[in-house]
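Let me begin by presenting the structure, written as structure tokens, before commenting on it.
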Amino acid sequence: MKKYSVAILGATGMVGQHYIKMLYNHPWFKVTALTGKESVGKKYVEAVRGEAPAPPKEIAEMEVLPTDPKKVDADFVFSCLPTEAARESEPLFAKAGIPVFSDAAAYRMEEDVPLIVPEINPDHLNLVKQQRKNRGWDGYIVTTPNCTTVGLVLPLHPLHINFGIKRVIVTTMQAVSGAGYPGVASLSIMGNIIPYISGEEKKVETETAKIFGRLHDNHLHYDDVEVFATCTRVPTLDGHMESIYVETEKKITPETVTQALEEYVSVPQELNLPTAPSKPIIVRKEPDRPQTRIDVDAGSVPGMAVTVGRIRVEDNRARFISLSHNLIRGAAGGTILTAELAHHMGLLEE
Amino acid sequence: MKKYSVAILGATGMVGQHYIKMLYNHPWFKVTALTGKESVGKKYVEAVRGEAPAPPKEIAEMEVLPTDPKKVDADFVFSCLPTEAARESEPLFAKAGIPVFSDAAAYRMEEDVPLIVPEINPDHLNLVKQQRKNRGWDGYIVTTPNCTTVGLVLPLHPLHINFGIKRVIVTTMQAVSGAGYPGVASLSIMGNIIPYISGEEKKVETETAKIFGRLHDNHLHYDDVEVFATCTRVPTLDGHMESIYVETEKKITPETVTQALEEYVSVPQELNLPTAPSKPIIVRKEPDRPQTRIDVDAGSVPGMAVTVGRIRVEDNRARFISLSHNLIRGAAGGTILTAELAHHMGLLEE
Amino acid sequence: MKKYSVAILGATGMVGQHYIKMLYNHPWFKVTALTGKESVGKKYVEAVRGEAPAPPKEIAEMEVLPTDPKKVDADFVFSCLPTEAARESEPLFAKAGIPVFSDAAAYRMEEDVPLIVPEINPDHLNLVKQQRKNRGWDGYIVTTPNCTTVGLVLPLHPLHINFGIKRVIVTTMQAVSGAGYPGVASLSIMGNIIPYISGEEKKVETETAKIFGRLHDNHLHYDDVEVFATCTRVPTLDGHMESIYVETEKKITPETVTQALEEYVSVPQELNLPTAPSKPIIVRKEPDRPQTRIDVDAGSVPGMAVTVGRIRVEDNRARFISLSHNLIRGAAGGTILTAELAHHMGLLEE
Amino acid sequence: MKKYSVAILGATGMVGQHYIKMLYNHPWFKVTALTGKESVGKKYVEAVRGEAPAPPKEIAEMEVLPTDPKKVDADFVFSCLPTEAARESEPLFAKAGIPVFSDAAAYRMEEDVPLIVPEINPDHLNLVKQQRKNRGWDGYIVTTPNCTTVGLVLPLHPLHINFGIKRVIVTTMQAVSGAGYPGVASLSIMGNIIPYISGEEKKVETETAKIFGRLHDNHLHYDDVEVFATCTRVPTLDGHMESIYVETEKKITPETVTQALEEYVSVPQELNLPTAPSKPIIVRKEPDRPQTRIDVDAGSVPGMAVTVGRIRVEDNRARFISLSHNLIRGAAGGTILTAELAHHMGLLEE
């Protein structure tokens, strides 16, 4: 099989570096272009901060291009642009007939833009037909959620299917890499907790309802799950921990909750997609797990599984801890998996 | 006024050092004895780790005594003993006619032992009469809650009074000093979150119901507030942050919740007790406060006020963040304030 | 005595906040103006980050002014401007007849600009006469050293006087506050050491030779001490630690070195200047001191003493550890002490 | 080739876990026994803290044995016992005819015990013949240095060979994992530097002289290099950074120093030993490298290369930074490489 040529829009940031790492030796996709802003014209290796492991040689030597569909030759693109840049540039690619798979926030909540977690709502990808019709585009935009939403909805999904979730109260403890580079000042966060991340709680609350929604007659009907989120920044490097409380419609026990989480597999696992972890949710039985630093890279594809632990149940209320890698499952990896799904559904061929 | 002579049981630990600091120059109490275990016979300054600011000279030179009422000459004692040591020693002092004010967990949940937060349930101190009768003691034991409970119940109290609290879901982010010294290994917590503290969640849940209980006919009737707690350890030094969600019986708005918290004063403020902060709750309006490192010492008596921020209200649900100093308001300071209250109520004179 | 009116140039940064704190209730100086750049026209309290303790009310309400001698009414100014801004603005004040006391790097190494550590080279202040003549200024510029230089030269001074220092090899471990706000990204420094601070080693090496120099015929003759510095950034908040090795001309023993350090007092102590610590150097005898977090605020004026420990001597080689507060003794406090000295020498009256 | 059966003495600690990881799939050695103390009789997986990645299944299920040559069946053993336990147990194995490769400190400085860094002094292994004769043992003890010594002597070696080193002044910044588990309390080290590690400086100074010594007539003649070490503990997890200053006999330039370090290979590389990194020293040219968190796992065998950077030269003085993995090159990996060398020299066959 000839590989798809892929460009990464906004490739010089932290998520961009994870795309490059995860796409290296990818069986279907090959990175052929990288775009940036201030660094246009530089070699990629000079455009990124030298702190991550050095990129492979052929990537390191690539010239950073402007984020412009006329300058970028690719079958489709991954976008990890900042919100405002995404708002401006992503439609230009879609209009030019180039599918965009984006973890940027700009178009996530648009009515005709799918917001995908491949295990949860693969069928929402079909929204792109409506999107093309609405907008007269040859290409399309597919989005993936905020990193914090991902770590919430993945463990909620099997519970929602099995027991019906009515209400969720969640407090997050998010790593500094979630704010990008330079992001959070060391003076602000060392030995400290900042209980606020601008805009984050609203994203978690609304994205969850959209992801759990039902596609009907080319329209997405939001789920009526209630989510109350409190998002905090903590002095960890990678990995978002979430303390989750749910109220279910059906009766639950610790055993049925554990079983639902442990046995959960979905379309990406059934299709054996290259970036799909064999188990999207790993349940730890030790009393003090998951822990951010220890469990962040969990999964048969490292960083693609969400780790769940401390399951406690009273009546129809469950509490548990979730941990997910914000840059992998919550960004680059989740979006790559979405594109793999799109390929399987024939959406890359058109 | 002649000062009461006071002994500190278990004085060599971190809470003990805070007792000494807070009692230095206290208008009513004077430290005259310090007890320990392995360090008996040493000078106090050699028994404590040298990391805290050096104690005042007359304290530094005191000999550490065994925790034995026959060896300790004091009008009453403060106990910050480990649980098992408290279980054994505190009754010996009470029996010997020496009142014990303890932040140890051993007797907190006994039926005839008051569990006091001076602003919330000062009247519970009257339980000591029943306790003395039950147990035939000349002295008595008065306890104060777990540090995490304190940071929860103080901001809940004005809401409970004004709006009736039905249910509380709380996730805590607790500093390492809460585990004492040496406590948490640096290898375990640096750049990490551990979402588990043994026994802590049960303490928070049951102590809250007792503190909010009503004393009737010398019996304590627990409040029926439901508390669901998740306790985590984070890499901060001092100060427990709590992300709190409450459901109230009466209608609330952000304004009424803020007002109830800001205007809250109680008996210790009215009596102008020496260790009472002028405002037990400080409400911050900035979007990103309280923060652990910045707000931990809040209050007109440093560390005695709880800081609340990020108040959000929907229908009869409120979310907010609380921050309290676990070693001061949550331990030494809270217990000193309790003894001051006991003095006012004549309970030290008998 | 009528207080001098004082402006702080570049007042909204971290050093500026320390000036304000240290000058509050100062017996001789009164802050009457604050300058900034982007924040001109705002209230001071809105111009600074809210992380530090709130400034006193009359300071909080001051309007931030442009850094322009025509807009600022003051008897003299303290400057904590960034280097380039200092290069441009400080001469304008000096020319306008307003003495400038600066911890900025811009003019430190100019031939006719004194670089002062009040205990070491108070006589160098006399260079301002030559400076005024050279430049035709009514005012003048007096500078204080880089924060890392201060923590080195203070403990070196008594050794230099007593034993003659030939060569110094120093490795520093510098706190993140030394880089200002936002300064070092949390992603860069958490759990990490960065063994490089741009330009810092050269500053330490050349400033030391100037500070130890001799003023002769209005010319400064540099000392010929050799300094080899390696500067690293470490994940601490405040306080620069330095591991120092010196080779002396005269014979030394642990006792003579300790005595020279402990007995060291100089002009500021003799004059009892308001910001002078009673002992500029505190020697700790414990094997594991000084420690950054514990000893950073040492001194009768907190943060103004340098703490020295781990003194080891072989032949004419001594090793020891120094710790100093980079924002206080190394910046705001050191410069205030310099202005106090200037007042005593009559240099503020003219 | 039949693999040697290997026991790990003191296998439940942090270094033990690294032995297991590095020996898994080793071409020559196979772990067949694990010993411990409090955990004797438990499964290995229950004896170690669950924080490291889980050991492979067949190791996880092994029963922890007592550290007793009668209970342990192995061709040779690796020892990572605490010093006192090593002093007692290692000779029992040697006497029982079982070679001991140890990173414990107990016998490092004994006259007839080799102290090996395979690249530097492979010939010192021949000392075991004298040792066996002296002690009447069928087996023998071979030791490897303190982790901090390793990170110093490896980059010094090519400079010593090429330019002659007279004097070394070194300040170390050592990670908390060097103190084992639980080791350093989080309260002691978070946001702090502790400039003292008991006994460490003496080890670095004396071990260096032994490692650089010459074996002559079965006697080891120490090198006369002078080393002045200052060892500090910093809040990093893994990786010891060292700030090194050397005075050489011959003239040096930045280029000749860099070349000597970059071109350095030795016996393990020539023999292509399984655990030998292709380059024992990696030189970084960026101004701000090596960094602890980024470079700790450097090397073609991860963690086996020492990274050097910030090379600065004046006259015959060089300064540079070294970074090495204290648990891999400085412990488990260095000792495994030593046993591989012993195998090549026929010392395992006898």
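Lettered A, B, C and D in written order, each chain numbered from 1.
What we mean here is this: contacts are C-beta pairs under 8 Å (C-beta built on N, C-alpha and C of every residue); 3 or more make two chains touch, one makes a residue touch a chain.
Model, not experiment: these values are computed from the prediction.
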Selected interface, A-D versus A-B, where C-beta contact pairs are more numerous: A-B
Most distant chain from chain B, judged by the mean position of its C-alpha atoms: D
Chain centre separation in whole Å, for chain B relative to chain A (CA means): 42
Geometric centre distance via CA averages, chain D-chain B, whole Å: 48
Mean-CA-position distance for chain D and chain A (Å): 42
Interface hub residues of chain C, defined as touching at least two other chains: 51, 190-191, 235, 237, 289, 291, 294
Complex interface listing, chain D residues touching chain A: 50-51, 190-191, 286, 289, 291, 294
For the chain A and chain B complex, residues of the former touching the latter: 169, 171, 173, 191-196, 198, 228, 230, 232, 234-237, 241, 243, 245, 287-294, 309-310, 314, 317, 319, 321
Interfacial residue positions of chain C with respect to chain A in the complex: 14, 51, 176-177, 181-191, 235, 237
